[in-house]
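Please see the structure below; I have some questions.
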Amino acid sequence: MAGNTFGTLFSISTFGESHGIAIGVIIDGCPAGLPLDLDFIQAELDKRRPGQSKITTQRKESDTVQILSGIFEGKSTGTPIALLIPNEDQRSKDYNHNQTVYRPSHADYTYDAKYGIRDHRGGGRSSARETAARVAAGAIAKLLLKHHGIEIFAHVSAVGTIQAPQLQALEIPELLQIREENIVRCADPAVAKEMIEFIDGIRKDGDTVGGKVSCIIRNCPAGIGEPVFDKLHAELGKAMLSINAVHGFEYGSGFSGSEMRGSEHNDIFLSGGTRAKTVTNFSGGIQGGISNGMEITFNVAFKPVATIMHSQQTINAAGEITEIKGKGRHDPCVVPRAVVIVEAMAALVIADLLLRNKTSKL
Amino acid sequence: MAGNTFGTLFSISTFGESHGIAIGVIIDGCPAGLPLDLDFIQAELDKRRPGQSKITTQRKESDTVQILSGIFEGKSTGTPIALLIPNEDQRSKDYNHNQTVYRPSHADYTYDAKYGIRDHRGGGRSSARETAARVAAGAIAKLLLKHHGIEIFAHVSAVGTIQAPQLQALEIPELLQIREENIVRCADPAVAKEMIEFIDGIRKDGDTVGGKVSCIIRNCPAGIGEPVFDKLHAELGKAMLSINAVHGFEYGSGFSGSEMRGSEHNDIFLSGGTRAKTVTNFSGGIQGGISNGMEITFNVAFKPVATIMHSQQTINAAGEITEIKGKGRHDPCVVPRAVVIVEAMAALVIADLLLRNKTSKL
Amino acid sequence: MAGNTFGTLFSISTFGESHGIAIGVIIDGCPAGLPLDLDFIQAELDKRRPGQSKITTQRKESDTVQILSGIFEGKSTGTPIALLIPNEDQRSKDYNHNQTVYRPSHADYTYDAKYGIRDHRGGGRSSARETAARVAAGAIAKLLLKHHGIEIFAHVSAVGTIQAPQLQALEIPELLQIREENIVRCADPAVAKEMIEFIDGIRKDGDTVGGKVSCIIRNCPAGIGEPVFDKLHAELGKAMLSINAVHGFEYGSGFSGSEMRGSEHNDIFLSGGTRAKTVTNFSGGIQGGISNGMEITFNVAFKPVATIMHSQQTINAAGEITEIKGKGRHDPCVVPRAVVIVEAMAALVIADLLLRNKTSKL
Amino acid sequence: MAGNTFGTLFSISTFGESHGIAIGVIIDGCPAGLPLDLDFIQAELDKRRPGQSKITTQRKESDTVQILSGIFEGKSTGTPIALLIPNEDQRSKDYNHNQTVYRPSHADYTYDAKYGIRDHRGGGRSSARETAARVAAGAIAKLLLKHHGIEIFAHVSAVGTIQAPQLQALEIPELLQIREENIVRCADPAVAKEMIEFIDGIRKDGDTVGGKVSCIIRNCPAGIGEPVFDKLHAELGKAMLSINAVHGFEYGSGFSGSEMRGSEHNDIFLSGGTRAKTVTNFSGGIQGGISNGMEITFNVAFKPVATIMHSQQTINAAGEITEIKGKGRHDPCVVPRAVVIVEAMAALVIADLLLRNKTSKL
């Protein structure tokens, strides 16, 4: 496989470039009989869509999704589900300047080094536009998880140095409602306000900023994950790190766990059965790479968007020093739109491992 | 695949339990003609071996490796290389107590939940003993990388809250020499001393502590990595997260990058060609999921070992509350022995992606 | 993977049902820099297209292919190539009768048994319409093979009991020209005439008949094939057997080789080097699962089409005995349209194994 | 993957050369809880073992198998099962003559062409000795099938031009008993006698002869097989073609089906439900690539063994013409020992597709 397929039994293969005719995805392995709610899929895409608010890129794409196959009378048939999202608002000429110039901290240089040819328009295949296909596929994975009672929730937990506090002890529908009431998608309204103001200032500066997305998964049964390599958190980590701009992943206690002692870090069991209960959850719901039934928790770090509206020194394909300045319509901070991408990839991981777990016992 | 295979073209499949007859690994896809230096493979295993020093477990395993296949007159033949490491110093009775008791923050409960049966002796398949097979396979990957001039170096960059400073600007053989002169495997002798004392105190307390391993890869050509899912850092992340006790992975600027602005984070190009040079390296040598030729840098967070010599409350398989106290011979801190595991997994990732990159262009 | 992907490095994933919106394919792993000749791809599809002649189905589908991604300025970019073929001439009501009736020797019953739901219109996913996607992808594989000087040629070698003689010793372009001068696609004009008359009679009877396609591959370098499971002929065999209606595969001496003695079957070497020469070629160009440089030869057996215009007894989904009679527009014999499908699958196998062989040696 | 792994969920990876230390196999994905009957595994190996009778090679290998991992208290644990078979009776010097000489119709030339290095002793990796590992793994697959009530039976249906008649309508244990009462493993005692005499004559001539193995699978539920590429018969075909010396595969009506009309070939349904019944079974139990519950039937053609005791012209690695004459201890006809290999590969295919089918429906 050349890197464009993710998943073993519930697998997705994405295609398409930022300024081509369309992007899309084939989902292979979705069990037959699942109601495919097209409105839900579209609603998920709408959360990733550009042009949603003043703190996202002003590109206008409706990101309208079409199901080409794998559906009959509203249900999955067990055959490949192909989803197509036509590209609409390409202004390819905005990118003429980077046909031969390598933008700093973009993939221009590395794609040329690898392939010897590059669709420079809007970043081509390396554009985060590809993640729209993931969100569409992830929506179908979410429908499968919903069928099994599993819930996923992510939100913006940091923008630059502004950190959100721990999530309130609420049900996921409530958390979702709070999150969707603000344009930065943080589950804490007060911190959200601060984040929005900060991003808006960054945007006016022509600069960008990084941030973090935190995600929880509830009601996942114990037993999900395939040691020793396809551990649940290893699959989640790979999934998250494959999202554009992600520079870090941690689950449970994460990096701070490396500073702790065993006597404080161990999660004492209260009960077992089909889903364990523990006093603390530094394990993040995963032990030995397998879910234990507790809430699964992880954090994802996003670097700042590389395209800034400042003039920067760089090189061209001939290796000569030149100058470049961002044009086009870009996000000052990706995390508000990335929340649904994180959820989508998490849903794809859980859906795949759920199916894989079906054969673990006689 | 049921989770015991890693890699696409240079792939490894490990087998074996902590207290079974042997553990081992099959390497499939190693190019023919590579000299297989058995002394080097054994020397790598010796760095992971238990009983090396006062700050590691006192189990005595020689971890002697044997090559069963895939070699002819000292060279790889292109056929599967099977490596066998017999188990020697099992004291299975040390584990009788946890046959029906679930140790906190271990994989006992989750393996039972998943498989309905569990080899409880020494943790069975969930034991970190399995990583010996990875180190043996990783040694062969290192030999392949050496053939291509690529170097890997990892060391202990933190134990608990004790952090090592930035690596000195030295060649890798020099860094290796400094690292191997202390039993904690930190490239800073002064900090190493502090770490050793700290771990020794922890050990005397019957407690354990977490830590971090940092890794660099030099001379990797530009072009390595398979977007959009099998990005170089996504593969590295999965590889690291699949190691026992790892709770976090970050590359380049990592989590701290999420607090930065684009204008400070962008790595300005100085030159291109077959390997780029940039002023800073917040990208950690990877852009768009593909190596750019700069040094690849990443950090791995390890949680504290779960087995402590204190009495802890827990449950048994029947769900009843009981008590447990660690027996056996365990590491107070895994990072000194994990350094070579991190290097091995990194070598396996790079070897695999090097081969995969051979078909990216006509 | 759920069975809709073929190939390891040059891999295809097809999607789509007979009467859905469109069918299509994603090719992942095509090396960058390959000129993608859309006219050639369309010309290949035209050879599989329904309605070509009086001896094929009279359905009218233009089978117009569109490239959605993976191409820039006429060349492959190394990213996934998505090809779309809209469905046009569906007369879904022709299939109302088999919504709940299981047609004999069709996949209606087995799809219901497997998935519990079935798009009955035109056979849905089990329709041979899916092979149009394979032909489009195979055309791109052929372009890659052409770049390497490798040629593929298949023709109809039998219809019912009418057998074509051995191929004349001609160059492939000449053989192709002879083949395309008759509508049954047999490289022997006299036998072709006989076959056409026979099929026409069968068609008038409302019946169908089986046949054979024979294929040769020339200029394949020695070394292609991945023992011990992914042997060249094992991959070819799987590829051919995956085509609708195929019931048998043999290469080289095939089934008749099972009647021979070693002393007559052994192919005596005349010379070696990068491509061997042997006196005979009972090995069909493959030894130990690896090409030896001689012509690769194999035969494929197709059963008669199951849809006949006669009344037949069958059962419905409730298990009750009922009657069915073929409606719609069907082929009396599939082999004339299958020739290009056999070539396409052969090209895909060789392209994939060519790429895989790039890493066999240091 | 480099070709040494077979199967998706129930997968095997074999290793080892004919004259190395050992051969073996890792089975990954065997569901936990399966009793692993070591005596049964050994008994299966004994049927493939050399030196069984006057019509097989006189090499003496006990082929004693050892389970290294994946078993606890007699049952599979869901972790990889490693099986080891030490090599015993290598007379490597018997092969000194072919270190630089390419034996006709062997894999010597092609392995050198592919890998540039070759373990010439006993054919190295290309030796049929590798199939012992398959038989051991296949025995475990058979235990899984037995748990599901599925039965497999193969026998020698042809040696040279001597053909066995259709199988008698007996239960599989009865067929097995008849088969094992003669050394050629044909289920017809009278024909067996004729075959044995013929092979014995061939052996005395220093020659070899080909043959056919026919296989049936009973009680396979409807629904097994993964269209459109991993059809049940496509997987069976690949499995069989991957066995040394196999030149052809056909299922159901096979090659003779290509001569039939649809009106005679269609299998009329008598009843459906969880397993269909049809009047005839030209479909060989498979429709649209999915089992329909009827008996699965297929035939496998084996070419004559290439090693003969006659002097033959050939070339050496330098390309010079030379002479070679078979030494060592070889089979005059492989089919008696291949029967259990065919069964093993069939069992592996069905086991894998059984597991894969577990996720086809919600």
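We just call them A, B, C and D in the order they show up, numbering each chain from 1.
The criterion applied here is as follows: a contact is a pair of C-beta atoms (placed from the backbone, for glycine too) under 8 Å apart; a residue touches a chain by one contact, two chains touch by 3 or more.
For clarity, every value in this text was computed on a predicted model and none was experimentally measured.
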{"item": "A-B compared against B-C, more contacting pairs", "value": "A-B"}
{"item": "Centroid distance [mean C-alpha coordinates] between chain C and chain A, Å", "value": "39"}
{"item": "Rounded Å distance, chain B centre to chain C centre (Cα mean)", "value": "46"}
{"item": "CA centroid of chain A to CA centroid of chain B, Å", "value": "26"}
{"item": "Per-residue overlap in chain C, given as positions that touch at least 2 other chains", "value": "1-5, 8-9, 14, 29, 32-33, 78, 114-116, 125, 359-361"}
{"item": "Chain-level touch network, classified as line, ring, star, complete or other", "value": "complete"}
{"item": "Touch list for chain B against partner chain A, complex", "value": "1-6, 8, 14, 102, 104-107, 109-111, 113-116, 125-126, 130, 158, 160-161, 202, 207-212, 222-231, 233-235, 237-238, 240-242, 247-255, 257-263, 265-274, 276, 278, 282-284, 286-293, 301-308, 310, 312-315, 317, 319, 321, 356-357, 359-361"}
{"item": "Residue ranges of chain A in contact with chain D within the complex", "value": "9, 29, 31-34, 78, 147, 355, 358-362"}
{"item": "Interface residues, chain A side, partner chain C - complex", "value": "1-5, 8-9, 11, 13-17, 20-24, 26, 28-29, 32-33, 66, 68-70, 72-73, 75-82, 84, 114-119, 124-125"}
